[in-house]
């Protein structure tokens, strides 16, 4: 069965800025979804900020294997309740791909537990991405490096926890470097951050960028059914302990009581 | 100079429960602080939930090298603003030691980006902690394993990200295991989670437990001055790029404009 | 296409010890291979120490997607040349599953760069494996814990580098714990260590153990073609630098010279 | 007490090449040791390839807290026995700092379990190192980036396991990037790889480079006494099991027998 993927787009620049609208007439999210749908193993649809529940109602998330996230100007408009819902979906096994300015999205900051900040410059300079993890599934089919002739610069230090794996590191014409492809696990969910994708450049039309995102969707897919009650902390009564034990000493909780949270 | 340490205690059980008050007549936080102050390299004071700003005003946190956190019944009463303040202090370089039921504290969940849940049983059973990272600074001076004759059980799966290092793993009489000592980095701050410490047992009077916490304080200490503006994302204008570049192509932001967050 | 898997068995105990021969009349390797072949996505064959080149000639390794390794009494008889060949295959993208006493195999020690030692006891005691990484692909379809009524004890500290992920932790009846399922990357190759499997017990007939190994084979499979010249360190002459630069200052090497190794 | 540090230098280029001898008249190792001795917390001496046992007899290693390693032209001349001795010292708690072309030293490859290869160019181009881990102890006192006007280029992919922490990433004028500062643990020993230091440039006279190495020595220092018998795998007889158990089922080993290795 194809991997059910939702590409979430903020969809603000495309509506307000002629340059962006010119490059992405159907929106950045649609461009990305089209690139994913070119692979028979993926079925991608889109969701946007403006839809009810930002296009991410409970029922839809439950049937989403991988979520791709692009946001920038309206991070603050994403409702906290939806952010928490997405976080729980990730912990339960949904994959998450965070793109470019999504580094400052509520969901990415929520999952990283870190500031996720960086330095930046919008000068249309050259970016060259180097594969630092040879033949990583996310880099499958890529050359050892590839270039984006015009991109926004993101520079280190990138305020994220040390990743599980560093897949890409970027070189910028103006003298900076950036860890551009980073993998994480949060609960049962795999998370990938991928740097490129400034809205005023045609980055998501680039074949290598599209290949990375397709690979990342496959890498992030968890075939297990979603974890149930992913935040629960169940009590295991003495009577059902796996090894026979006898209760000893004082205790705070009464039998059958919930723990504090 | 001694490591300036603040032991934060929720201080609720000690006020309400005779068993806890009997074991910790001056409060758990004071017991822990006393154990830290037995080391000339550490100067420990205490802070509690009930104090203004929970005893953690900006000025005090700025002069705190390491914060030790114990909470349980009143996690929800800790103000979000203080949690965010502590998180920024950690990112800036303050060390953080989270104890036992602090796994469900707002600050730990905030920094982990994960549910931090587990299974539990309050039966006074035997716990045996095994050192899994030989001669780790946090295990310095410990035997290869040590026992707590009565403890609450915490069982896997522990809902945290894979750690930087696993320092202890616990064996429980009733048949469970738990990763009891885990290290993390969040920004410039070192974070250590240490499992033992149920309020109805004399765990913080145990010499090995006290040694672990003293070691952890030293391990978590960052000698560098605190990072300034730890969440800022500065623009680097073309004019001051380290390598000469010329601006090309369209851009979204005007010169001098702040980035979106 | 099915994942081409080779199960390597030392095949010594089965020939010398009646108990082992009784449990595994066709050898432990055949029992494991049969368990793998029950999955249509895997095609498993076997190789043993006694075959020429230990059953691992260059051509066969080149067509092996995942190698499963069980050894114990004859680690020292495995030729260094074959060990190096397997290491290069792993770096190039072949998956490797190391079982039980394989912790002391030359190949595992070679890839870990660490002593890989532990404590042990052969008393037929109960082992209970806990899943510490919920819904990890290697734990897919397993319950939250499962038991092996009789197993050899392996105890911490386990002398390996901190893993990428800890998937299982074992509880032992005699009071020890062990990190029983650990993932690593070495080059393009994924490596999984799985603890159970003492030769005098019917462990590899256990349905849960078989499921773990099947899952691990799928997890370790890298769909990319093997990395070529995986240890080479190519010179990039000035003339073909991606950004135009002019050679400056003294140099040690002449044009076209190889680097030192 | 000061940290007892040995700077190991291959000492070949300095004897054969006038350029190198001109920059480092007393040898690169002496230049580095002098830089370390400028810190009252460090006592550094030197050892070279040409000395008996390469200057690293058992007794000396036993009193070495941190070893710094620079080698290039004569990696193959380092005796395997000494390499193994150093590896065991690291596992036991000795810190190890590997510099520049030491990426291909036997000891670094031994500890990494990986090819440790890279691409390279000797063109005297500009290198700019970015701190990717803010206020990491190894970066203490450094600016956010610093430059070496002439250095050899090392390019990704760097064939090492994903590190515990990435402290520096380098930008090169010719278009490459490199993870220039990486931390690892191997047993009780902390390992740091630091990229700069080509022999035909005055890199080890650079104040920032010297500061990094001083910081790294302090970071790698383990105050615990050395682990004894670091590779042993002791049997734990049933009679002394921590929890009472009764031996069951068949076993392979006789009482008191050593395990296989």
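Read from first to last, the chains carry the letters A, B, C and D; within each, the first residue is number 1.
Basically, contacts are C-beta pairs under 8 Å (C-beta built on N, C-alpha and C of every residue); 3 or more make two chains touch, one makes a residue touch a chain.
Since the structure is predicted, the reported quantities are computational estimates derived from the model, not experimental observations.
K.L.:
Can you name the chain that lies farthest from chain A, using the mean of each chain's Cα atoms as its centre?
P.N.:
Max centre-to-centre separation from chain A belongs to D.
K.L.:
Looking at B-C and A-B, which one has the bigger number of contacting C-beta pairs?
P.N.:
So, comparing the two chain pairs, more contacts are at A-B.
K.L.:
How far is the middle of chain A from the middle of chain B, if each middle is the mean of its Cα atoms, in Å?
P.N.:
27
K.L.:
From the mean C-alpha coordinate of chain B to that of chain D, what's the distance rounded to whole Å?
P.N.:
Between these chains, centre-to-centre, one finds 30 Å.
K.L.:
Just the number, please: Cα centre separation of chain B and chain C in whole Å.
P.N.:
35
K.L.:
Would you mind listing the residues of chain D that make contact with two or more other chains?
P.N.:
Residue numbers touching two or more other chains: 128, 133-134, 155, 159, 162, 164-165, 175-176, 185, 187, 242.
K.L.:
Which residues, counting only chain D, touch chain B once they are in their complex?
P.N.:
92-93, 128, 133-137, 140-141, 145, 164-165, 185, 187-188, 222-224, 227, 242
K.L.:
Would you tell me which residues of chain A are touching chain D in their complex?
P.N.:
128, 130-134, 144, 155-159, 162-166, 169-172, 175-177, 179
K.L.:
If we count contacts the way the header does, which residues on chain B are in touch with chain A in the complex?
P.N.:
13, 17, 19-20, 72-76, 87-88, 91, 101, 104, 110-115, 117-125, 150, 153, 155, 159, 161-162, 164, 173-176, 184-187, 198-201, 230-238, 241-243, 245-253, 259-261
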